[in-house]
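So that you can tell them apart, the chains are marked A, B, C and D in the order they are listed, and the count of residues begins at 1 in each.
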Amino acid sequence: MNLERDGDYITLSMGPHHPATHGVLRLEVTTDGEVITACKPDIGYLHRSIEKIAENLEWYQFVPYTDRVDYVCAMNSNHAWVCAVEALLATGAETKLEIPERAQYIRVLFAELNRISSHMIGLGAMTMDMGAFTPFIHAIGQRELVNDIFEKTCGARLTYNYMCVGGVVRDLHPGAEDEARAFLDGLEKVMREFHALITTNNIFVGRLAGVAPVSAADALSYGLSGPNLRGSGIDFDLRRDKPYGIYDRFRFDVPVGKRFAGDRGALGDGYDRFVCRSLEVQESIRICRQVLDQMPPASGKEDDPVGGWCVSKAAQKALRKPPVGEIYFRCENPRGETGYHLVSDGTKVPYRAKIRTGSFCALSIFEKICPGLMIADLVALIGSFDIVLPEVDR
Amino acid sequence: MSILGWVREIVEGVEATAHGLATTARYLKDNATDTGDGSAMTVDYPVQPARVPDGYRGHLFNAVDDCTLCKQCQRACPIDCISMEGELNENAKFHISRYDIDLSKCIYCGLCTQICPTGSLRMTKGFEIDPRNSVNERGGRYLYRMRPDQTRRRMDTLEVDRLNRITAADPSTLSDDDRAFLSEVEDERGGRFLFARFGMGFYTPEEKAEADRIRAERKRAKEQAAAEAAAKVAADQAALQSDQAHGSAGGNP
Amino acid sequence: MSSVPSRNPSRGKALSFEELLAKVQEGFPTVKAGSAPNGARWIAVEAASLLEVARHLKSEPSLSFGSLCCLSGVDLLKFPPPAEKDGPASDQLVCAYDLHSVEHGHELRLKVSVPPERASVPSVETVWGVAGFFEREIFDLYGIEFRGHHDLRRLLMPPDWIGHPLRKDYEYPVHYADWELKREGQAFESGPYK
Amino acid sequence: MTLSVGPVSDSLAAWFAGRGIPALPSEILAIAVVCALPVLGIVFPIAGVAQYFERKIAGGVQRRKGPMVGANGIVDLVCDLLLFWQPRWKRRAFARSLERAPVLGPVLGLVRRWGLGAIAADGVKMFLKEDMAPEGADKLLFFGSTYVALLGSFLAFAVFPFSQSFHMGDPPVAALYLGAVTGLVAVSILKAGWSSNNKWSHFGGIRAVAMIVSYETPITLSIATVCMWSGTMSLQGIVAAQFRPGILSFTGWNLFQSPFLALVAGVYYVAALAECNRAPFDLSEGESELVGGFHTEYSGLRWGLFFIAEYSDMILVGGIFATLFLGGYQSPFLEDRIVALPPLAEALVHTAIVCAKFLASIGFMMWIRWTLPRFRIDQVMNLAWTKLVPLALLCLFGTALTQLWLSGRVPVAPVVHGRYLSAPVVRPDLLSWAISWIVVGGLLAALVVWAKKEGSPKPAQVRKLLGEEGA
């Protein structure tokens, strides 16, 4: 057997077709026995040149592609793009758009529901990587319920293409509010059992406690964002500190990591990130309930309920001639900050659209924190950062 | 580590395991008895039908009678999978002669249907790629081209309508004519399920003329064969009759 | 609305763009302000002094730009000439650094323009770790070389790819390795699916 | 000369001889049947259908239906093999008409309802897959290790008592023999991992060996505890020592004899779980870490042999657990009636009982598998050396002390059970039994309560996740 020996080390090619790499991530791992001495991420296997495509499509046509930037939370990606384009339009004098109130609420509702369903994948896939298959399936089951609601409203289960510049494509289907409420109630119960089954399990805590702690300074420097940043103890959430849309109307807490694993753990370890993500689901449930309470009723008009680009003449006009200039717009997605750096040359096609994603930045820290971990820890680490590869490669 | 800590670790481990086992046991019981929260969420597809809600974004369907050929859908499509052609008909009215949606490229985003001014372009509930299972709005089966070499034969609107009707109907109620049509269509070298890219396929004028010519030729050949057969039968009968006549004449002088 | 989100109490003072500019210009008089017609503003930095400016921005307590949100490249080859004179001239490659300070809550954009034929910018990965990945991506897609990067390889494209796809003068290749690539307008029948 | 491995083979030999077969061949035939029956008649069928039940249990726990291959699937399968040119709709029509048939119909309905077609589909799939060896593999070791994997568990069945007389042999050192042959699994996994020319397989092999070697220690200690209590290392003897006449025969089982034995039963089960590489100790194949672990490169039937070896290990572990702690093949009630049956009937009833016991054990293992996450290798080592080994030692000494104390109080006498004479055995009377349980159990319970009180509570946020009060 040829071990490609380099001194006493073994070089492992983990991926791109490895069960734990959540897609087509490849890690060049050098190990000393089971202990990793070096790890280099190798990405690009899922590169679809989405940024290049964006330079050849009109502003509204790019929305289906944002679904595919991060298909686990397509609704949030939609939201980030339309918010960014609307923010760009708002910098022009005559292109500022009025978004219907109901559409704003629907956007937040769906973004939060999709955050829940994305965290279901994140939490579930992490437990699956660590050998517990049952919690994963239970979490996926909850995601399916969210998809049922989305499917009835927008017609798709994965790539929603639901939000558009100026509003949303369709109004909620009849009974959507009740379905959402029922889902949230059921979710709370299921999540309690999920946590009883896995979060307090000694094996699970033992595998995550103290594994790859990320200090606050490192977390900032390496651009971690979202639950990964908050797991390291930094109290920062774009929804609260730089509110976009109508997030300033809702009351919610920002969960921050603080050595949840007790004496065995360290601040910013895998368990902190896991628990932060779990707590965020609860906060999303709170936001969803407030949205459902505050949402104005439908106008009753069939043709223009909430104002999409295809029905809103103002949006069509604005998108044909956006202001010249640039903008960097940041949104809080489940996997951290999704930023769009848009450069417009005043035509109906973007001049440049740079997409900054949470997973891409989270992957940059691997080279630093992996040495000293075991192979099993690396698997848990990928799960605890909730890496989603289409978002990395774009 | 103190003795107490040691005991506590063991006890906590046993407790967590027991708790987990109790949870899964409850799910197992619920699922087995099909009651409560733990009952199965999945359906036994395809034995049980899939639950497709209204407004589902499935295969595209264009009602060509309503289509005004404004080409908005073609422009809105982010992956350029729609192409169409029009022509003037005998009443000097502009109408659609070819409307192709390449469903191997379509991403089902729905931008084309959002922008369609007449509402002729719609997304149906059909989602199964296997054309033998997918059912369009009219209840007939979709036809789509499978490989480039299977696309030689194209159909006109009437034929598509007819085929949709036939495939939607109970096979036992088909007339012989329909059966013959179906077998003719199926026996084309394109295979049994063919034509157009998906949804609808139409001739361009040249193709239509060519197809008409081929069909006329085929019809002529068939008529000729029938005529020959009839002539042969007639000749045989005549021979028989003459034989009989001869025999009767000979046998019964 | 009646309810407001629970704010983070330990938040410092956010500075406006003018204050930030003044603070940076104290130490580095050569930096200039830039702006776009839609009101976007940034600080234009010479490539030579970028690393010092970046260190200053991170370490100065009243600035403390701890995180680099985004580092994007832009090719200005086909961009309309800017309305203001001190903006970057056309036919330049631009690196835009979007910085954010969690402590104070202010944001700032730095811009470095380099000519495409001599595109070279000092690497800031020693200041912000995430820049290591961003710079590799820009090197890959724009061909800007980052001096001092510890591992400057292509990130997204294959290592043997020729050209930098996001440049505006990039032409779609006909061949890659042993494959003939499908072109726009090429008939489906003769495509790779045959 | 008379060849015999017990009364069952004697009766069979007599039956064969009665059919006109000469004496020696019929004796050999009878022994062959007795020796082959456990493996071919019990282990193979159970391992064959275990996959189906594993998936059903997984589905049940996970709010799914599990495998649902019905008659359509079987008909499809047959048509795929025999009538591959037929279009699908004709197969469906064929399946529908089959389901309307008078006798076959209800059976097929059951097949569809429970998805039993999965068993056939899995089996056929396994047989039809190509048998491949990776480039650069050490072919001899690669192909050989599958048989060694089977050998390890099958050899152990040589001493396993299915009934008083239905066994291949009952050496007086059966417990030692067990420890020796079950270690063969480690050899086969190491060889499989090494010879695959795949680094992931290699890691799997190394992990398995490290784990199995470590867990041999607590297993041996716990078996030693039981042997000490029973006064014999023969498995038949251990079973015989647990015999109690009367209605409540289960009162004689070792599990209820003393708190130390109950504790050591837990130690044995956990360690044995690790020994057969089952979750949560499936590090050697852990699919999310090592792709497939030591059997990554195996395909088709050769993979199936590993699979059968795993299930056969599970059967063995369940059976030995039953033998050591749950009275072996004995019935929980009215055991003395069963003992009095004629030899063949007694063998049948006892085999059925022991099968039920290890089937329950397999079910429990599946249940555990779909509940717990996987250990990391250092946690596994920790568990073995800092938890299980001290616990097993404690139980060993505790049992010894109990026996010392009991031997002063109750007479020690050989026990006759069935045809087998067991070694002198300590048999506590009701009073000393109660005293031992109350004293030792009470001490342990107090320790547990005290330790739990000392522990730090969970953080408020974690309690909030669990929905506990006061968070």
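Operating definition for what follows: contacts are C-beta pairs under 8 Å (C-beta built on N, C-alpha and C of every residue); 3 or more make two chains touch, one makes a residue touch a chain.
Predicted model only: the values in this text are computed from it and were never measured.
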(request) If you tally contacting C-beta pairs, which comes out ahead, A-D or B-D? Let me know. (result) A-D
(request) Point out which chain occupies the most central position, where each centre is the mean of Cα atoms. (result) A
(request) Find the geometric centre of each of chain C and chain D from their Cα atoms only, then give the gap between the two centres in Å, rounded to an integer. (result) 62
(request) Would you mind pulling out the distance in Å between where the CA atoms of chain B average out and where those of chain D do? (result) 52
(message) On a C-alpha centroid basis, what's the spacing between chain A and chain D, in Å?
(response) 44
(message) Based only on mean CA positions, could you tell me how far chain A sits from chain C in angstrom?
(response) 23
(message) Can you pull out the residues of chain B that are in contact with at least two other chains?
(response) 9, 12, 17, 20, 23-24, 27, 41
(request) Indicate the residues of chain C shared as contacts by at least two other chains. (result) none
(request) Find every residue in chain A that makes contact with two or more other chains and list them. (result) 134, 141, 196-198, 200-201, 203
(request) Mind listing the chain A positions that touch chain B in their complex? (result) 57, 60-65, 67, 134, 141, 144, 148, 151-156, 159, 161, 169-170, 173, 186, 189-190, 193, 196-198, 200-203, 308, 310
(request) Quick one: which bits of chain A touch chain C in the complex? Just the residue numbers, please. (result) 40, 43-44, 47, 49, 51-52, 55, 88, 91-92, 217-218, 220-223, 234-236, 239-243, 247-254, 290, 294, 323-328, 330, 337, 339, 341, 343-346, 351-352, 354, 356, 360-361, 363-365, 367-368, 393-394
(message) Show me the residue ranges of chain D that touch chain B in the complex, using the header's touch definition.
(response) 57, 59-65, 68, 70, 72, 88-89, 112, 367-368, 370-372, 386-387, 390-391, 447-448, 450-452, 454-455
(message) Give the list of chain D residues in touch with chain A in this complex.
(response) 58, 61-64, 136, 138, 194-195, 197, 199-200, 202-203, 207, 279-280, 282-283, 286-291, 370-379, 456, 458-459, 461-462, 464-467
(message) Show me the residue ranges of chain B that touch chain D in the complex, using the header's touch definition.
(response) 4-12, 17, 20-21, 23-25, 27-28, 31-32, 38-42, 44, 47, 132
